[in-house]
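In the two complexes that follow, chain A is the common piece, with chain B as its partner first and chain C second.
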Partner chain A sequence: MDLYVVVLVEVLYGVASLILISAGLSIVFGMIKVINLAHGEFMMIGGYATITAVNLGMNVFVAMLVIAPAVVGLVGLVVERLVIRHLYGRLVDTMLATWGLSLFFIGLATMIFGNTTTGISTPIPGFAIGDYQVNGYNFFIIVVAALLLVAMLSVLKGTRAGLVARGTMQGPDMAAALGYSPDRIYMATFFCGSALSGLAGAILAPLVGLVPTSGGAYIAKAFITVIAGGPSLVAGLLSSASLFGVVHQAFTFATSPVIGEVALLVAAVVLLRILPQGVTGTFFKGKT
Partner chain B sequence: MSLNRRNILTGAAAAASVGMLPRVAMGADSVKLGSILDTSGIFDAYGTPMDMAMRLAVNEINAAGGLLGRQVEVVAYDTQSDMALYTQYGQRLTRQDQVDVVHGGILSASREAIRQTMRKTRTLYFYNVLYEGGVCDRNIFINGVTPAQQVEALVPYAMGKSGKAVYILAADYNYGQITARWIQKFVADNGGHAVGVDFFPLDVSDFGSTIAKIQTVGPDLVIAPLVGGAHLSFFRQWAAAGMKDRIPLASTTMGVGNEHKVLTPEEGNGIMVAYNYSQELDTPANNAFKERWSAAYGDSSLIHEIAVSNYQGVMTWAEAVRQAGSLDREAVIASLEAGLSIDGPAGTVTVDPKTHHAVLDVHIMEIEDQGMRVIETLPQRQPIDTQAVCDLQANPDDNTQYEIQI
Partner chain C sequence: MPGGLTRDAVTIALVTGVLIWVLPLIVGTYTLTVLAIYGMLGLSLGLIWGFGGILCFGQAAFFGLGAYAYAIFAINIGESTVPMILAVLVPAVFAALLGAMMFYGRLGDVYLGVITLVVTLILYKVVNSTAGPQYVIGNARLGGFNGIPGFPTLNVPGTPDAYIWGDRYFHVCAVLLGLVYMLVTALLRSSFGRIAVGIRENETRMSLMGYDVRARKTAMFAIGAGIAGLAGGLFANWAEIVTPSLFSLGQSAEIIIWCIVGGLGTRLGPVLGAAGLAYLKFLLGQQAVIDNALVTGLVLVLFVLFLPKGVVPALSDLWSAGIGRIRPGRIGRRRQPRRRGWPNG
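Right, the complex of A and B next:
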């Protein structure tokens, strides 16, 4: 019985971490169609921002939930103004430019922090479920991911800003005709996407040893989740993250971590063969 | 003087020839030591201290009058953690610079990239890194610990402190695979059994389900030959789940690149390891070494296992040249094969003539407050894994890396 609870926690944690990793990318790619290959590096910067803030004596939760998203959001803002805004609508060019950015950020982080592993320990102690010890931090990640989805949904559906943003994604010309500047809205959207990447990097930082090249480990999973999710932001994220999270953790438990990773990739390939438009291209149509 | 193309070209040619002069002049009567290490890129945490150790050793040799009355000149290349550059710089060291000896290589892949070049060009080669064992080649001398030296010491100690059921978590490449087999063998030899073996690709950083899986099996001990930054997450997540005080943990790699200084004391304390060197080794030789390092570089905290191996490698070579009274490759090999030994910061290092590996002290240690506390010293351990397959005395033309069958 305890084992089932532990497995359930691990599966939820797997789903939650995929949601976190992919949320920022889903906004940047899903809404403004920028293939941000520097997404992993945005997460890496979020991680370093957290560790630096904690080492300067700041509370770890403030560092993770406020400082890191703010820092990475600002980095995203600068990147958008200098590079990305010239490339809207040029999908392949954004890929090339952000790939260059990712190399630049890796180099920059190496110069500042050195090419060694750094990290902070998790702020929440482990606890027992029956005979098993579990990582208490997993619950924190699950809660943050759930809140994140709720927040995204309520902003997009419930606020004027969300409505304007969605409208601009569907028809920038019409939005402009109604008096909204698409340029400003793209900028704000990219800022939000970057800030979410920073948040993800920050929240995962205590679980890993951080190096300047850490971002590379996330980028593939993030893209797979976002693309398999399809056109709807929140529903797509939730459905593909749930599917891949369950497949990954189930196979990891049943066999080995290697097979778990392989199963995730196989599931993605099969899914995209059957549903080329992603899950929400076929199901949950019209949802956000 | 007006700047035109001719003036610039003349100037450049003159500058170039001036630049060449001292090198040619020095090359005539200095001994050339080639060094090839990753001092930038993802392996620089390993390579930079190794480079510092090599330069410290050469400076000490030169301060003591050099070798055969000549100064030792370092010809060093940074391979930038790029395996392709090893081949290129290996060629340059042997054919263009024509060095007298090459020290270097970090990953096993980098060693294999240059080993044959060294052999073909008859350039003596020293590989000074802890590795998976089995290389049998008369042209190479290896003085890092091999799995048998390390695991043979670590397993009985760790099992004695815990119990007979052992779970193994290893990195998924040749080092991890081979080391995991050795661990299984020594666990069985000590009356225990491996209840689980899992391999992890180098980029896996999420060990949550593994930690739950280990608990379903309920071993007495976990041994983790995990490698690199992503795998460091395991030790962190293990502590975060509160497992550290429930199941003891041992590792054959934790701390080789000073990883234990990244973990907090709560995360690292109590992890059992076995190496040739520890900064906390309280011997006159090590204290003096740390003082010399601090005098040269200001701070001794960067010293690690394979930096010391590199230092001892250079010193072993220097001693062999002194005893041979010559730089001739055969003469130096002969004096090395005479069972030459030196006293390094980590104790006595003796060349094993049969395998060209090293007989050295292995210390069983526990990580304590970001240091490695020495528990027990096992003097002069033989490289029995490689000895079982390699005999260069009987078969000097051997040129293989044996995969050890258990």
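Right, the complex of A and C next:
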């Protein structure tokens, strides 16, 4: 019985971490059709921002939930103004330019922090379920991911800003004719997406040893989760993250973590081959 | 146009010969060897991306497969001729299977990018995890993260004791690069090449004209992978060790950067881009102030923003403008990027 609870928690944790990793990318891709291959590096910057802030004596939760998103959001803003802005509508070119940015940030982080592993300890202690020891921080990640989904859905569906953003996504010309500047809305959207990437990087930072090349571990997962999800933001994120999270954890339990990762990637390739429109493009057309 | 092809072949042979004679006076042959190998690798992506319109984010996968195929078969067979052939065939067959899966599924640009990227990552992870003694192919231990050292290097075909190394190995690589360049030229002049460029320009129209776009793209993809595999086999000989980092995303990124900087839709561009940037990296590696990745990344961003068609086309435009005559439109030129969105949006 205890084992089942532990497995359930692990599977939920797998799904939640995929949602966290992909949220920023899915906003940027879903709303403004830009694939940000520097997403992993944005998360890496979020991690370094957290660790630096904690080492300067700041409360770890403030550092994770406020400082890191703010820092990465600002980085994203600069990137959007200098680079992305000129490439809207050219999907392949944005992929190439952001890949260049990702190398740039890796180089920059190597020069500043050195090619060594840094980290902080998890701020929440573990506890026991029956005979098994569970990492308490996993629950924090599950809660944050759930809150994040609810927040995304309510902002998009419930507020004026969300309405304007969705309208611009459907028809930028019409939005412009009604007096909203698509340029500004894209900028704001990119800021939000970057801030979410920073948040994800910060929250996952205590679980991994951070190196300048850490971003590479996230980008492929985020990429396939978002692409497999398809055009609907929240439903797509939830469905593909659930699918891949379950596959990953199931194979990890049955065999080894490496096979788990490989199974996730293979599942993605198979899924894209069968459903090239993504999960929501096939099953839930026209929902957000 | 057999006459044009002969003239091209003679030009390529002459240029290759002169470069083999002149370049070692400036740069050491050990460095030149790897530059020639990278040039071949750049050419492989330049062919399928610049002329076939297939954006592959995982060209490093075929490079790595070629290198591993060479190393594994060289240990098991004990001489180099058959392993070298297999270094071309294994990636080509793998690419044909992968390509058939993707192109017969009619996947778009973005999905192609994702799948090739993910396949590279799968290979990287799998090879990286084969550290234990239970992972062997014949006599070859895969060695996981440490790679496979100590396999027999290139020998004269038929005499396994006559190893080719040093200056002679540079000559082999340079001549092979010249031959591959000639092969690509001949391919692009053939009807297969012209139809491939047509598919790049307008896939729907070509399929309505009765060409099997899927089969042709798959064949193109496999040819590119075979060239990358040959480069991989040569690289294994040069480095005398193969490691999983050959499969890494960083390696894939570099190949793409070479093509962008050199110029897509040209044969010379990717070769020059590869050799030039690899040499730049070599020079940067000798100092510790500026990180390598920082410069490479910056180069890629600046080129995408300011010179998206690359150095070679820009220079040749400048050249023809300077002479003041209008040259007839060449088929190789890359079209302007189209606006793209979701396939159904």
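For this structure, a couple of remarks:
Operating definition for what follows: the second predicted complex is superposed on the first by the 288 of 288 C-alpha atoms of A that agree within 3 Å, B and C clash if a C-alpha of one lies under 4 Å from a C-alpha of the other, contacts with A are read in each partner's own complex, and residues count from 1 in each chain.
We adopt the following convention: contacts are C-beta pairs under 8 Å (C-beta built on N, C-alpha and C of every residue); 3 or more make two chains touch, one makes a residue touch a chain.
Every value quoted in this text rests on a predicted model; they were computed, and no experiment measured them.
Contact with chain C, but none with chain B, is seen for A:266 once the two complexes are overlaid on the shared chain.
Of the two partner chains placed by superposition, A:21 touches none, neither chain B nor chain C. In the superposed model, A:196 makes contact with neither chain B nor chain C.
Residue contacts after overlaying the shared chain place A:207 against chain B, while chain C stays out of touching range.
Of the two partner chains placed by the overlay, only chain B lies in contact with A:253; chain C stays clear of it. Of the two partner chains placed by superposition, only chain C is touched by A:96; chain B is not. Common to the chain B and chain C interfaces on chain A are residues 216, 256, 258, 261. For chain C in complex with chain A, the touching residues are 55, 101-102, 105-111, 113-115, 117-119, 121-122, 125-126, 128-129, 249-250, 253, 256-257, 260, 290-301, 304-305, 308, 337, 339-345. Only residues 40-42, 44-45, 172, 198-201, 203-213, 215-216, 229-233, 236-237, 239-243, 246, 259, 262-264, 266-267 of chain B touch chain A when the two sit together in their complex.
Residues 3, 6-7, 10, 13-14, 17, 115-119, 121-122, 124-128, 131-138, 206-211, 213-214, 216-217, 249, 252-253, 256-258, 260-261 of chain A touch chain B in their complex.
On the chain A side of its complex with chain C, the touching residues are 33, 35, 83, 86-87, 89-93, 95-97, 99-108, 110-111, 216, 220, 223-224, 227, 231, 256, 258, 261-262, 265-266, 268-269, 272-273, 276-277, 281.
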